[in-house]
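Dropping the structures in below, format is structure tokens.
Heads up, the next two complexes both have chain A, just with different partners, chain B and then chain C.
What follows is the complex of A and B.
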């Protein structure tokens, strides 16, 4: 490929495609100038090539667009600060169409044809599980930003890592103590009847039980359902908390019908922002959610006590106080998830520096260096907060946010501890050879 | 509605840059007027806003509007429509000598695009080849062809190369066998539809570059053998499609002397010549492929095939089922259309041959095909068109700014949210309903060419009108249904 510089990023709110290209060019030029020190120590001026497996098209495109913006923002800062091991970072984007079969092809293409040092950035679980075997076969580090439990479960392989975002099992487990202690101890769950819903179905009840709370009913909704009136009467009348994780186009209808069912009363509501990621929380039909609570990985709305790192991260990615694009207030970001791209890139940087990564021959060293990481401190590299990394299961654990929707905004009312979301590891990737 | 105006003006004063400025302004104006959900960017929630709208009333209203139009035509004097359709404003003869140069420009652009497909960005939203083929040509040019006139004729990337080559080496070398009819174009369109709708990666720049290059070369060879005009008329599917669609437009050439004329939209359909069965099949395939594109993403279709729409498995997993679906949709539409014409002719004991009736009445499909195309793909034009402006300004991703639009901030969320969803839905519904009403009008006019007797002409149209009412309902339902993929 004769030209693979900046294959993405022109949709980026802060970094235009051309400025990114120009930036790389400028870096190269400066690197040869007398007195320029930042890249001078590198044995090679060849860039670190990070293959970005992007959901540019298909069902994940809205997420993919923001993952790309976050990625380009982080890479710009990394390069401005001297790159990795004295070498600039280059992002090579390939679209996987949010298609597992294409995902596998893309991983192979990035690893072999583009000769990327690693592959990174995948979100959708089925694409991750479809692509992971290829990463294992080709022995290319595969850093996903998926929040699926598939990495931590041990079902993938040693080349797959998720150091920049917590997994759904951890998220579900971590919100249970606050929910039981503050909203009520009798919980009814409504979830879509497939894998995403099953993670919630399976991991919330034991976590609630540990808090002396109980699940009264679990109502699984067929994924193709678009009206919910026949399911709502199944909610037990003594329900204190309704835990909802509906996703898809019918979410607005679900909330509207829920409001019509309960009128001005009803149980406390607790949901996952996944239901409304990239959607304006003040859309007509969502009025019934006012006063309810949501899990957020990273807050969509700017908070009064945001750290300097969080403020800098939001400014660099280009989102306003409402979590929308600075250029277009209608363009709502995927704030709860996309921070994972930022943090994963800095984990890659740290691991490459730790193992003195030089070329694709050092891919195994990069995996081992990542596995050796334990603590990640909140700061510019980890604006979402501290993390603990479990090298055996290749999974990061972190704080979660519980936000209340009031006045048209989500305000963080509780931040879970890292311990709230930890569970007993059930795998150990480090025992398998690289 | 937000406009898509560039956030920064271009710095260059070159002719290319000036041209870019005009293109940008023209596009921004178009973007102000046109909105439609875009498949490439469709987040799962956008249809969610539409699900809250009273779309059922629109569907009922649309069906009623088409039915009332038919009833209204029954009482309208037959020659009233003829007089309206015959109105023409003469524009003189087009500058034919320029055609070779405009075609050369089209060819030049094609070469740049193919090179960009091989050597430009790997990102389908940064590479100008997929954006131009799928958005600017398949959507934008279709829109211009249908509403303005046959512009494709002037930018067709084969005309100049074939003419120059034929001048050097002679040709054509053979006559296109008459029995081929429109069937080569039918095969071409079927392959194109399959590649667009079912092949897993039609937007991959390198794959698309290979496909369009191979197709261009094959077409070039066939045009050298059979002649440019001969192969364009019934073999090259894109030209055939654009010509058929342009019969609806307001600017056309006179059937008598080739001069340019302005007329009412669809007016030239009523005087169109009977087409062979191959062309009938071609138009039905064009309409059914767009219809299936909508159907294949609905929860209904996915549910019927055991696919969880919330965990859409990607196009690769659906190749077989969607290939069957595309074929079935075409077969279903064709069967219903032929049956409607057949029953209509039998109702009035017509003595006209069946192929003559379908060859004439199929022209009424053109407004429907155009309406489906516009309502289905307009947002793709508005959103991906912005990406195209950026990509064309720097086709090889090396930092150029040829059109001055390389720094343009793409408004990817231009059609998201509840207010845009309302606007989008209403525009789509209006296009679909208007398209079908025009189809009824055109069909009515054509029926009078088959049956001089007014009662017979009207009666023969009852089954076809029922089909159009049904297709109105289907079209609106497709746009109102929850979708994924």
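What follows is the complex of A and C.
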């Protein structure tokens, strides 16, 4: 008997969420149904609907969860402060399974079925690349928080923007001088064998060359790989710096096997924290990383010189000094990236206010208003630091952090300037019509 | 690194793959051989084994040895129970119809996967190895635990073989595999044998996962690769053939290690898939399988 009740309870909780989404869809459909008359004035108090393309399942699920937490924290603050243009903000979340094909469907669903004003929040580069054409086709603004170079490269379309996080090309360009100056001049790169990894593959070598350093070998690893020892003999023995950037669940294995392979006599390590986002840096097997350096977008661990804005941001999102959830110290955040959600939402707010955004008819105005932005000041809306936005390539430029792993914590040892990460823009989206 | 040590490393890596693969594939092969069911959810039993190993290890607190031993006992038992339950609730009610069970096990795959996502979460979580010995060779270091995995799998395989060939339970299983109806006529409780075999198959996958989880991590999507590789092994070795499964696992594991080290991992996968195609064309019953009766 109790068993049946349990089952019913389980089913109910599942259904209620579904029903909620269906309900939203039904409401949206009702609004467009012929004969349905909206009463005048309702438009002003109607919420602004931001469609959140979330990696709730699939390989990006850990990122997706924290992107959602950050998003909800920022939206709560925005709403508490009166919303955007006097209207509350509503987030409509759809899971894309971290899958490009489904991602495209999700963008279409959010734009047409849910009647969202814009779509936002995508991280994984292959999902962004797969979804962008749909955003362009449906003419819906698509604000990604992806850090891939695909937006700035000009390969997407005018409806895709990345105002809240820097891109990989800028990141590698700005950390290369520090690497060459402090760690060594002979570098071997290990990176995932798809778009995100290729940004590293293509833009680190020229940046290192400019500093008199060189890349000895480039080892591409399929993103689904689970064992890495077989790749390690490909690392040339005169390597001084091993540059590693990995994504996916296998990174712990990678580090562990690296440690077993080299013992205490390996090269210097420089990694992108992407490898270890949502992973406890003190997990068994990661001892080998002690003393190595990482790129971090925003530092995971609270730093001594944190600004008040940074402290307020961390408290609002609900992470402690170790970058873990306040509720569960074992639940590690994706701190190096998720600040981008926060900042992107405030950029959207600023742009909507600038163009006096009223309805989905103003979508083009929203893109133009975002393009018109230039400087973003460090503060509660931009807790990671100030940024410069290039409206032509739809990309923000900002500071990068290089942290050293010591005593089980990441301590920022160098912060790059915005200029370090600048490069010659190779595209201009503003020339294509909206 | 010169050729000799390079080859040694390739073979060691290949052996680890082969060891774990043979256990997993054996489970799949057993289920197919006896029950004539293609169990698409087999990889998820592997995943469950790993996730439960993480749970057992965290239950045991700090000591990795106790955690590992606990996992080695608890994890296969729970996975076996889940398998038995799904066999009773789903497969039996479909009367083991081959097409229907494929669809049903696909459903089971998603249920188990999403249950793991809901209850365990999307993170990859590590399980500490019971011991951390780094074997120092003149050319490179190697994990002592990986060597233990090879040895442990080998002994588990021998144990399974002994059970199948030397015990009454094994005899009953083989009789059911050989001819279900005759077995039933001789008073063998075929129905219970089916339940037991399905559970045993899942338990073998779970044990393999417990062994591998200190090397990899427990992650809710980790079941796909073992499933694909198990299918490759089972098709090449011959469905239902114990000897064929072992030899095919060794073949695939070693060639994967060597080819992916000297050429590329993608090439290794391509060759394995090509081998499957060739076997299916020229010897559909598999290298060691007997033609369908």
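A few remarks follow.
Here, the second predicted complex is superposed on the first by the 372 of 434 C-alpha atoms of A that agree within 3 Å, B and C clash if a C-alpha of one lies under 4 Å from a C-alpha of the other, contacts with A are read in each partner's own complex, and residues count from 1 in each chain.
Throughout what follows, a residue touches a chain if its C-beta (ideal position, glycine included) is under 8 Å from a C-beta of that chain, and two chains touch if they have at least 3 such contacts.
These numbers come from a predicted model, not from an experiment.
Of the two partner chains, chain C is the only one touched by A:261; chain B is not. Between chain B and chain C, B touches the greater number of residues of chain A. By the document's definition of touching, neither partner reaches A:371: not chain B, not chain C.
Legend: residue contacts after superposition of the two complexes on their common chain; A:233 is shown touching chain C, with no touch to chain B. Of the two partner chains placed by the overlay, chain B and chain C both lie in contact with A:61. By the touch criterion defined above, A:97 lies against chain B but remains apart from chain C after alignment on the C-alpha atoms of chain A.
When the two structures are aligned on the shared chain, A:196 is found in touch with chain B, with no touch to chain C. In the superposed model, A:284 lies in contact with both chain B and chain C.
Touch criterion met: A:250 reaches chain B and chain C at once. The residues of chain A shared by its contacts with chain B and with chain C are 57-59, 61-62, 65, 224, 226, 248-253, 256, 278-279, 283-285. Of all the residues in chain C, the ones that touch chain A in their complex are 1, 6, 9-10, 13, 16-17, 64, 114, 117, 121-124, 126, 128-129, 134, 136, 140-143, 215-217, 219, 221-222, 225, 257, 260-261, 265-266. By the touch rule above, chain A contacts chain B in their complex via residues 1-8, 10-11, 13, 16-19, 21-22, 25, 54, 56-59, 61-62, 65, 92-95, 97-103, 126-127, 192, 194-196, 223-224, 226, 247-253, 256, 276, 278-280, 283-285, 325, 327-328, 330-332. In the complex of the two chains, the chain B residues touching chain A come out as 2, 7, 40-49, 51-52, 119-126, 200-201, 203-204, 299-300, 302-303, 308-317, 387, 390, 394, 396-399, 401, 406-407, 409-414, 416-418, 420, 482-485. Listing the residues of chain A that touch chain C in their complex gives 57-59, 61-62, 64-65, 222, 224-227, 229-233, 237, 248-253, 256-257, 260-263, 278-279, 283-285.
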